[in-house]
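Here come two complexes built around chain A, the first alongside chain B, the second alongside chain C.
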Partner chain A sequence: MSGSDDGGSEVRTREPVELSIPVHSDLIVLARLTAATVASRAGFDVEEVDDLRLAVDELCVLVSDAGSSGCLRLTFIATDDAVEVRCSLDGAETVDGRGSEEHGERELSLRILDALVDEHGEEFDGGQRRGWLRKRSVRHGRS
Partner chain B sequence: MDEDFAVEERNEGDLVQVVVRGELDVATAPTLREHLHPAVDRSSGPVIVDLLAVTFIDSTALGVLIGTQERCRERGSDLRLVIDDARIIKIFEITGLVELFSISPTVAEAAIR
Partner chain C sequence: MTPSVRDPREVRRSFREFADSGDEQLRNQLVEDHLGLAHQLARRFTNRGEPYDDLVQVAAMALVKSVDRFDPDRGVEFSTFATRTIIGELKRHFRDKGWAIRAPRRIQELYLAVRPAIEALTQELGRPPTVVEIAASVGTTEESVIEALEAGQRYRTASIDAPDRQEGSIALRLGEVDAGYAGMDDRMLLALSMADLPEREQTIIKLRFVDGLTQSEIAAQVGLSQMHVSRLLAASLDQLREAFIRDP
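Right after this comes the complex of A and B.
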């Protein structure tokens, strides 16, 4: 992260924050914590921070495909009015489909993302599953 | 796993109450399922799931609740949720699950529905 060094008190997150975690259900909380920290430092209000926290959790679950192995790599990029999160799964044994899905959880994930973020997407390319989302801060958008 | 996460079952007459605390996510949802499905199987009446102390819920936990609801209906029973946190209710609203579940703000109200 970077901050202004001109004597001002405002600190803006400009440089990407990167997080790499083994695909393990216990560790997705780290992605949520990072999302909340980045959003908070970017000036999101409490509700927006909560929204981004849940959205990043859903993105991780979608991309990691519950039950698969590998490493989840996340990049958080804060701009003046938004936070963008990119997520990819590297080195997974199975990355096609959500192994543990029983009751339409994937559809639920997509509904949650549709409601909470401005843009999101997924792709499967070259043996790697990737996802991304972008959420703007309404407060910043009005200023 | 969330260190504050806990599931406790309380029985009172025909009423089975499952009290959940902490964050419900991909890590804790399997534990929730392990408690709810046997509770439904043992119950002869409604099953109340107290989510008052739940601070986070995601799609994997919602999937467990949907599965439990189906299990209840197969047995002629009824699953009732207790939620008063607007942040948690919001998740049920945006997923359309408020139409599927009976949701009350207190355990007392859930018990008399």
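Right after this comes the complex of A and C.
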């Protein structure tokens, strides 16, 4: 992980923070903790930090998809008033086809992201699935 | 299970009609139509030491509140509005009651200090505090607060694991029931159980979960102390919970 480490809330980490983790539920906590730390340094309040944490969890699930293997590569970028998270899946053996239940879960993940963040999206590039989200802080300008 | 199979335009029409008429039957229908969403979101918060039925209760109460508060002219889909409200209530539930499973004692103790600090600072500042403000209040580091909050708000992660190909993912196996039947059962059971509560307790439940008042606001309205309201709420929820356990 790169970025500021002085612990002060005034310091906004403009350099991207990168994280690479194997697709495993026990390790997604690292993505949530990183998101929470970047958001906290960006001056987000505790509710916004919580929302971002849940949203990053959903983003990881969406990008990894049930049954995928490989490695999740996450990039966290703090701007003046927002935190952006990009997520891609490297070296995955994707699962052929999805049942209606997986579609339902996927639809729910998208709905949760709609509710928690300002913008989000997905794209496919060269067989690789990528997702991103952006959450703004209402505290912008107060901290 | 799909949260709502109705056309969003039709849902919006129904909400406009409800806003104009306040028709109780239409209100119940709107709640019932979206109970699947409450079940699904509750399931996202399982595996954290709280019974699934309790989470469904919290989510269902939040859904009722969403139906009552939704403004169809604000340009947001009801499902998005309701999802935000339900997640907010589930988060609050875990902050108030939930417990971190397998968290080290140090983190458990810190969480016990962080939780009231958030409430106190929110009151004092008139907005949710930042992590740095919480850390300063309880005399610890930003990183420790983030760790404690993560432990206290531990979110679903089980479903990301590779599923058993025969059975589907863990998340999909949990509590999967037909939304329509489950919703109707829940609503009927909740209505029956609520009717068993004394009138004062029914009023307090409505003020807390439908009108969204704080315990202090309820205390002022019904002329009791906040502690008394807290005890009555806990006892009423226990009674409702027992009804759901007796007749799931």
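Structure notes:
One rule holds for everything that comes next: the second predicted complex is superposed on the first by the 122 of 143 C-alpha atoms of A that agree within 3 Å, B and C clash if a C-alpha of one lies under 4 Å from a C-alpha of the other, contacts with A are read in each partner's own complex, and residues count from 1 in each chain.
Operating definition for what follows: a contact is a pair of C-beta atoms (placed from the backbone, for glycine too) under 8 Å apart; a residue touches a chain by one contact, two chains touch by 3 or more.
Just so it is clear, the model here is predicted, and its values are computed rather than measured.
The superposed arrangement places chain B and chain C in clashing positions on chain A. With both structures placed on the common chain, the touch criterion links A:Val61 to chain B and to chain C. Once the two complexes are overlaid on the shared chain, A:Asp125 sits clear of chain B and of chain C alike. Judged by the number of chain A residues each one touches, C leads among chain B and chain C. Within the superposed three-chain model, A:Asp26 lies in touch with chain B and with chain C [touch as defined at top].
Stretch 169-177 of chain C is the one among 7-15, 169-177, 205-213 or 223-231 that clashes with chain B after the shared chain A is superposed. Residues common to the contacts of chain A with chain B and with chain C across the two structures: 25-26, 28-29, 32, 47, 50, 53-54, 57, 61, 66, 101-102, 104-105, 108, 111-112, 115-116. Put simply, chain C touches chain A in their complex at residues 1-3, 37, 40-41, 44, 77, 79-81, 83-84, 87, 91, 118, 127-132, 134, 141-143, 146-147, 149-150, 153, 155-163, 165, 168-169, 171-172, 176. If you check the complex, the residues on chain A that touch chain C are 7-9, 23-26, 28-29, 32-33, 36-37, 40, 43-50, 53-54, 57, 60-61, 64, 66-69, 99, 101-102, 104-105, 107-108, 111-112, 114-116, 139, 143. Residues 1-2, 23, 25-27, 56, 58-60, 62-64, 66-67, 70, 87, 91, 94-96 of chain B are the ones touching chain A in the complex.
Of all the residues in chain A, the ones that touch chain B in their complex are 25-26, 28-29, 32, 47, 50, 53-54, 57-58, 61, 66, 100-106, 108-109, 111-112, 115-116.
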